[in-house]
Amino acid sequence: MKKILNNPADYVDEMLDGFVAAHPQFYAQPERRVIARPEGATSGKVGIVSGGGSGHLPVFTGYVGPGFLDACAVGDVFASPSAEQMASAIRHADGGAGVLRLYGNYGGDVMNFDMAGEMVDMENDIRTATVLLADDIVSAGKDEAEKRRGVAGMIYAFKIAGACADTKADLDEVTRVAQKAADACRSIGMALTPCIVPQAGKANFELGENEMEMGMGIHGEPGIWRDALRPADQIVDEMIDRILADHPFSKGDRLSVLVNSLGATPLEELYIMYRKVKQRFDAIGAEIVMPLVGRYATSMEMTGATITTIALDDELERYLKAPAACAYWRVG
Amino acid sequence: MKKILNNPADYVDEMLDGFVAAHPQFYAQPERRVIARPEGATSGKVGIVSGGGSGHLPVFTGYVGPGFLDACAVGDVFASPSAEQMASAIRHADGGAGVLRLYGNYGGDVMNFDMAGEMVDMENDIRTATVLLADDIVSAGKDEAEKRRGVAGMIYAFKIAGACADTKADLDEVTRVAQKAADACRSIGMALTPCIVPQAGKANFELGENEMEMGMGIHGEPGIWRDALRPADQIVDEMIDRILADHPFSKGDRLSVLVNSLGATPLEELYIMYRKVKQRFDAIGAEIVMPLVGRYATSMEMTGATITTIALDDELERYLKAPAACAYWRVG
Amino acid sequence: MATLDSARLKAALQRVAAGAAAAAAELNAADGQLGDGDLGITVSKGFAAAAEADLPSDLGMAFLECSKAFQRVSSSSYGTLVATGFMAAAKSAKGFETLEVSAIPALVAEARDAMMARGKGELGAKSVLDSLDACAKAIEDADAAEMGDKAVAAARQTLQDFKGRPCKLGRARMFTEKSAELDDPGQLAFLRIVEAAVPTAE
Amino acid sequence: MATLDSARLKAALQRVAAGAAAAAAELNAADGQLGDGDLGITVSKGFAAAAEADLPSDLGMAFLECSKAFQRVSSSSYGTLVATGFMAAAKSAKGFETLEVSAIPALVAEARDAMMARGKGELGAKSVLDSLDACAKAIEDADAAEMGDKAVAAARQTLQDFKGRPCKLGRARMFTEKSAELDDPGQLAFLRIVEAAVPTAE
């Protein structure tokens, strides 16, 4: 296991200690495994919480910050936080206007966030709403789109929902806008090498010396096909074709695109991919607004990349461009 | 070779196409392999150019931007740009107040930048100066510090020199400040897995299944020792001890620290390292200002990390904190 | 034993904690084939915490403590589901210091329903829900003496019934073929829990 | 041949281009042992570009074209050093359409000095500088007929002289032991260049 760590059992807690120490202007850890804004919740603003397993930095907890999330519950690597931790995150995000739970559609997270919602409802009288991120087009067909997993597209939803909440819109409105953003995202991934969950100590899947897997999920969930590594342009073409089949774009449409590394794939290669992505949307005549290329949602040291599109209308574009800041993404 | 690319010979050019397409607000490519500011050189301001081999993004060319560099010459992966490209970068950076060449101390780069300086002197009457970055404490002893290689510390020099140039200081003053910043940096690296130079198609070195190498350079230059992987805290302790032996810090001192991934090492592990770094300087009573944790100077998909310290006085701290922006680092 | 009270619940929890600790490696391995390999940890840690909890004499509050103990130590699906089941039982048992054994089948059925709602799961999807359902039905009209054996038999039979069928819930659903060949880890865990809960005749 | 002019320079460059192309794989391999494996590419591309360049009749300008050709196609150390050497020759030869062969040793020595300055290198560090130095000395007082053979012999002898000594310049200096065992790639390249430059007797 080639990882820089001490005791694998301490991986997440030591990571959070360093994370908060490095960026005290953005993050505080008021309780173990709960990250919140150092200045506390904003009174009268809808709070937005997320959460999920560790191992995906900057997702989830890196997106706590002005114009983004208010708090986050942090689980073990690739494991849900507990309902108690989620309830605590909700309490820290609550500014009296209710709290939106905005997180990826994974069974364990859903059960625990539902339970957390019941807990804060009973104990703290906090009104909550839920928007699930389900942007991975490979994880279920279009007819069962609500079963899809949430992947990198979530960062657009964090940004847009955060900007809406900043206008002091009420919980219903923030929920509507977050759902609209979530619905506008489509993602697909591909992987070349696995990552190692520290407590497991071994790779979470195996791929042959020269193999890639199209459509693989961020925890190694099986994809569409596994075969010899293809040239970058061919890979991107297939990814874009699959996205377009699920959500067509036409001339004059506006969108943002995220070309995201799962961790080890270097920026150099993301730009080679982005070059092709840009060519494809130029050919359609759709305009890419605020493209993102980098490591925005990872699986530790996994090699591979995801592409996300988000179709924009005036409302979503306005919220996407509104000022926001966290340690990994700053707008305005 | 598990890399997302097309023809290896096109790796750098396709990367640059995507790079410029993704961030048109920061980067333009007025000539092949020359990246400059889209708004052109600032009249009356000292220009700052850098350059070197590709494969280190965001280094070098990612640091072109307001408050940072003015232009950059881009070589093949791990290979110097040509003197012609460097001369072209110098011309694009020239605002009539002279140009500082600020780059890493590697033989090929030095020869070509020297030649480029002669070229622009003869052909364009541009006055130039040179500051070499030589922060890697492992690459030569303290008595031969001028022979050391330049690694991640260069980003502090880019930031500080850029801020000084922004005050419209003259070439001598910008050179003095850049040299002072370069002299204040100390770096050390460690590696776990190699990277692949696309045109070579194979790993640039080999390390055993559970081996690490302390002090390895960013191109795989041999380090101090190679042995079984140690726990994170022990690794950090040795790195900090070696830095302190070369440049002691004491109570009340101020410094910035960069904990940098060579590529594949995830943010999670950098934070585990930073936690220990912070403990060490807390114990000394030295204050860390504006810590940086992330991927600031990489070797594509290499696994490993570097630690850089920069001792600050009022002048360096003021320039470090001055506003600046590029696609990877924004201050103010 | 014809009635259930807090002391007997605690004794049962202690037996299950011991049984779960003994089965932890087996359950981790089973979950490792189809999921993330933590099921043994979840079940053993969860029941250990529940067995150590101070149980109030009100049975409803006692079940609530069990639920909370699980929520504290485990966030994996099974832990949350078990916590949900205990919570459902807590609601029904509230206000009682003793319950007839004949009330148990209804508690099991209520736990099943709450867990179905929590995990948005259906019966027949090869999950712990099917084990609970089979047990609830098998002990519905059983008298106290035979209830334990019937529960164990039903839990065992569920594993048999689902041989060759794929898991359609939880992480295991990603492996259609492999999950058809193997036991659902959650059903296996349920069998080990029930086996341990039922005091052996000897 | 007792004089050098632009046409003869071009003919020599064409011979070297052919020789460098033939030696490219060998030189890449040698550089691959101690460096980044591009020396064959550098030398073959550089001389191909120089051989193709339109050479003006002024010998100084002709050498300048050679220098520029190298700078365009190669940025590796050897390319820059060769370009530097040609530049130095250009300065001396400027204004001459023909040069006596007896002027060549001085050009080689000037190239050596410029290359030492450019690369901040010293003699004895096992680099191409030693080959140049040996050649410059060997041909210093040679007459036209024997100059070629003496140059080849000196280039070959340099490789011999440095056997067992480590490289102290360029990337190879990182490998003290290995570089002592092996030939310096730059010295080997120099030998291949000189061998090709000297027209064979037959």
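Order as written gives the chain letters A, B, C and D; numbering starts at 1 within each chain.
Operating definition for what follows: a contact is a pair of C-beta atoms (placed from the backbone, for glycine too) under 8 Å apart; a residue touches a chain by one contact, two chains touch by 3 or more.
These figures come from a predicted structure and were not determined experimentally.
Between the CA-based centres of chain B and chain C the separation comes to 57 Å, rounded to the whole angstrom. Centre-to-centre separation of chain B and chain D, using mean CA positions: 33 Å.
The distance from the centre of chain C to the centre of chain D, each centre being the mean of the chain's C-alpha atoms, comes to 82 Å. Centre-to-centre separation of chain A and chain B, using mean CA positions: 30 Å.
The residues of chain C never reach two or more other chains; the list is empty.
In chain A, no residue touches at least two other chains. A linear topology is adopted by the chain contact network, the touching chains following one after another without closure.
Every pair of chains meeting the contact definition is listed here: A-B, A-C, B-D.
If you check the complex, the residues on chain B that touch chain D are 75-76, 78-85, 107-108, 110-112, 114-115, 197, 200, 221-222. In the complex of the two chains, the chain C residues touching chain A come out as 36-38, 71-72, 74-77, 80-81, 83-84, 118-120, 169-171, 174-175. On the chain B side of its complex with chain A, the touching residues are 2-7, 11, 14-19, 21-23, 54-55, 57-58, 62, 192-193, 210, 212, 229, 231-233, 235, 263-275, 278, 291, 293, 295, 298, 300-301, 303, 305, 330.
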